[in-house]
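Once you scroll down, you'll see the structures, which are given as structure tokens.
First chain A sits with chain B, and in the next complex the same chain sits with chain C.
And now, the complex of A and B:
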């Protein structure tokens, strides 16, 4: 009888503990492309978010006011599609009760859910490249990536001066993201005095032989991959080299080196000049990369630390605001963060001049050359110049 | 039902009695299945359940249009384009001209109808795979044109912030309100399809699909009926597109790729392509399915594929075939 009673008491106390714990969970919505051509990015940024949540949880949870919260990342696949994004964000808002989002990342997906996020006063971080991603109409949306709009011109100027590219063809996915990058890239090359033209292909294409054959007939000395999907970049590099193209291949858009080396192989990837959002030789970043690789057993995509820092800043903002119930207070506290010490270095928000609101991340970025499958930083950039 | 008989020009001959008896047994089964299901979102009252229910109705409306086209033995891969034409026509009418929502749906129907007549006259002479290819090309053409006309279509940025639907000054942006509206729209669509298919026009469709030379020999002009079926189906897709634009509030050329058409075909085949309720069943099964699988990441595509293969393997007549069989058993006709 005594035993039964003890068991009952133990059971009841466990239930109470479980109940208390269940009450103190803070859910972060993670609508990312986890299948299809955008999956490499989606998985990388999700890992960055998960690592941030893990670090906070292992340190005892997130203390906001008198309550300590365990962070739970609720990830759903948006398949890189605008209509799926609407469904996923709807589900996160109404079923999971999420107010804080670590996505979406595709431009079309973000544009489709902006009104929904605004209506819910939700706070979100994104890497959507479209110029409409952030603005005074959507004060809850913060962009934690540097877009082609910020980085195209200084990088292109450096490439023309130091690598000597003159006749360039840019390849882009024929969708919202691709066209947004094309506009910035074309402007930058033309402004820098290069002979430039663009070609578009459908997202998810795997055979580029006919497109590349046509492109190589133009007697070019460089192919620009801008910010296309990482695996697609690898395929294009592999097929261009197989077709005998010996000119420069450059990539001034988002990070993709791991995937490029994986898909194209070390030999084909040798000498490719890429945009590097991080400096892997920086001590703090090197430690983060080692931790990431230890955790996930795979090379790190350069967007991951941006989402790690973005998530940590969102959580810090909750502590500063002293609430997880009032997203507007959290949003304002997040916007007020300046010179935040993250793995990226000192992180602040800029963009008032271009977008009308300070919601654009400001961190240094780099130009690197792929040597033996690894990035070797050759220049450090800000929005004005690369040196 | 009695009103329908009155409006139907066909006299109540002995021929009519058989389908009527058949319909009664089936309709009882469908009512028993669909009425509680239709009421379910109102009872659960969750925003997400409403959202899924709205998508089921939307997909069912658009797939019903394809169901009409399939009746004349033609498989259109341009269904996404017609939904897109309707969506853009409706959204632009609301945004640029301030047209009321219901009138914008009429414009969506008109735009899709005119485009379907023009395309139909060009390509309906083609048969089988050639027709499929021509409609595929049209879908791509539509998407490319929309991408190249950013001042009209918003280009790759699409059209965002499309105003919420408003009927008689009453905004139906709330999910329950929109659900009731779209459920009624689906019921109206099914009624229209039912009336078409049960009329002499529908029988002419069946004759053309069953035996084209015989139909021609019997004095049925196949081209005219094929254009009629193609136009009616595309008009339904256009209206569906218009409703979609108002509900989602965002459209872009990427919303209407040929995958849109392929998904519609899958819903039709899974539901049952020769049943009026087939599109509803297909949408009912395949719209929520990705939600169940969503958290499985890459695996979901495989599971979805296996589910599709299983349905097609074990239910070749689609889910409606299974329900028809069940209805027959219930009514004692084995």
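And now, the complex of A and C:
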């Protein structure tokens, strides 16, 4: 009888343990622009994060110490607005109790919530282009994208040498992201010896005919789109071609080819030279793209694999640190990751010289030309040179 | 390009902008005039007009010109439904009607996001190529957009001025109480005014869709511009909206071309503020009764 009872108690406690284990959930905060002109990026990176979570969950969950966690991605829409960012990050921190963030991605939004993230010792990955995104003051923030600061100069040098652009006007959104990119882009063109000027417009503008009339009157031979919103890029290309502009259109900022072809059409997009953060012909990347498209149906924006790898690295750091309760230990473990084997290739952190702390991802990037609606890689770059 | 041609080109750009704002603003001000509702969902009806045009031309393969009346019909019918379901309880209650319209805007925008996704959809233009007048270049698609807008506004004008329905709606806009003593039934005319107003927004959406692409968020900018135009022209005044929209289009085009687009946006807002301070009823608006 006693034996039976003991067995019963043991069985019951095992059941409870199993139950408790199944219930252990690790929440990842995902504040992204899911509506408005930034939505194309927001949904792409969210899909990257979700795919990382799905892979870990399907492999039985994230084992940290003796506990196995199911990863839950808690997404909120920040509408690419700094004020909305404060609201959603506050909610993620205080209501959802999140310590690990896979965003925010807009520069203005990130700057607005940096103090909150710091106070909570939260760990976050971002792609914010502003040079203030990472630094010794905010050791919990890791940037998983190459920004205009790293890529402008080698790309511009290549463009001037190989495409022969000389008189260039750069177009930028009038906010933190736009001004950060403008500073890097203008410096790069001037350093490379081009005649260069910049124009700003409000984020979300759809009619560029007035602006383009002004720009084309300057008798230029290239328009630089830098890293503006993908949809906006498509509209500008379409309207510039409609106005009869036959010169070069180049884009040295973040990925947008899918959306450009979608909005401007294959014909208008033909021959545009773009920055490509990934090489779609790389075997590992091609497999990832196929998996992404199978999962979400749509074509993949180039930022998605960065957030897939970024999320996997954050989860790996939790395992290395052996805790999900101590974000500082996770942060240090994440910073210690080097030559991490991701879908992007070997990923490490750099940036000590420029930003004062190693929180900037280091991976190769590419220059591609749009041919029949697809990117064709024409040069491979690092922060020094494109070849 | 010579400087004269450049000036004329800028003027033509401004007129095209003005035509877009006019279609939006006339509908917006009509809804305000008849229902006394500042309809913040107006931009969403513009967006739905764009989607209707996209599905009729791209998905169903109908000719582009057929997409415009179909977009109008679809959105006007939806407008009748929205008037009945959302706005009828707030008739004459400006504040709550406005709040309800913000709610409706959120529902429509997020509904479109769930149905169609965030990716912008591109539509083939009405026409390819450029039309040249001397050294002035106008994309033919834009030229057609002006022609279609002008035709729609002409039809609208005839309907409003020379038909029983139009007279009834105008009477309602001018004085609802007196109009009803003359046997005009508010229960019929209010929904009609609303449907006509949002139908015009849909026409704007359908005409502009090939130029600006279609996504659930395309309604925001046209709404803002329509709102500014209506503030300048006078809430509820259709001639005021007509003058103001062409003026805003031209001012915006010239300022953006000579001083950059940030200066243009700022100047239009500044004008609206000055108008509100100096002449709160706008260019041709009527003073409103209080209480």
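Throughout what follows, the second predicted complex is superposed on the first by the 365 of 387 C-alpha atoms of A that agree within 3 Å, B and C clash if a C-alpha of one lies under 4 Å from a C-alpha of the other, contacts with A are read in each partner's own complex, and residues count from 1 in each chain.
The rule we apply is simple: contacts are C-beta pairs under 8 Å (C-beta built on N, C-alpha and C of every residue); 3 or more make two chains touch, one makes a residue touch a chain.
All values derive from a computational prediction rather than experimental measurement.
On the superposed chain A, the positions of chain B and chain C overlap enough to count as a clash. Once the two complexes are laid over each other on the shared chain, residue contacts for A:35 go to chain B and to chain C alike. Once the two complexes are overlaid on the shared chain, A:180 sits against chain B while remaining clear of chain C. By the touch criterion defined above, A:82 lies against chain B but remains apart from chain C after alignment on the C-alpha atoms of chain A.
Judged by the touch definition given at the top, the superposed model places A:90 against chain B, while chain C stays out of reach. In the superposition on chain A, A:132 makes contact with chain B only, while chain C stays out of contact range.
Of the two partner chains placed by the overlay, only chain C lies in contact with A:231; chain B stays clear of it.
Once the two complexes are overlaid on the shared chain, A:201 sits against chain C while remaining clear of chain B. By the touch criterion stated above, A:114 is placed in contact with chain B alone, chain C being left untouched. In the three-chain model built by superposing on chain A, chain B overlaps with chain C at stretch 97-105, while the rest of 61-69, 97-105, 115-123 or 133-141 show no clash. Judged by the document's definition of touching, chain A residues 34-35, 39, 174 lie at the interface with chain B and also at the interface with chain C.
Those residues of chain B that touch chain A in the shared complex are 46-48, 51-52, 55, 147, 155-158, 160-161, 248-250, 252, 254-255, 290-291, 294-295, 297-298, 300-301.
Residues of chain C touching chain A in their complex: 1, 6, 9-10, 13-14, 16-17, 20, 109-110, 113, 117-122, 124, 130, 137, 139, 141-142, 211-213, 215-218, 220-221, 252-253, 256-258, 260-262, 264-265. Residue ranges on chain A touching chain B, taken from their complex, read 34-35, 39, 75-77, 81-84, 86-88, 90-91, 93-95, 108, 111-112, 114-115, 130, 132, 174-176, 178-180.
Interface residues of chain A, counted against chain C in their complex, comprise 34-37, 39-40, 42-43, 174, 199-202, 204-211, 213-214, 217, 231, 234-235, 238-239, 242-244, 259, 262-265, 298.
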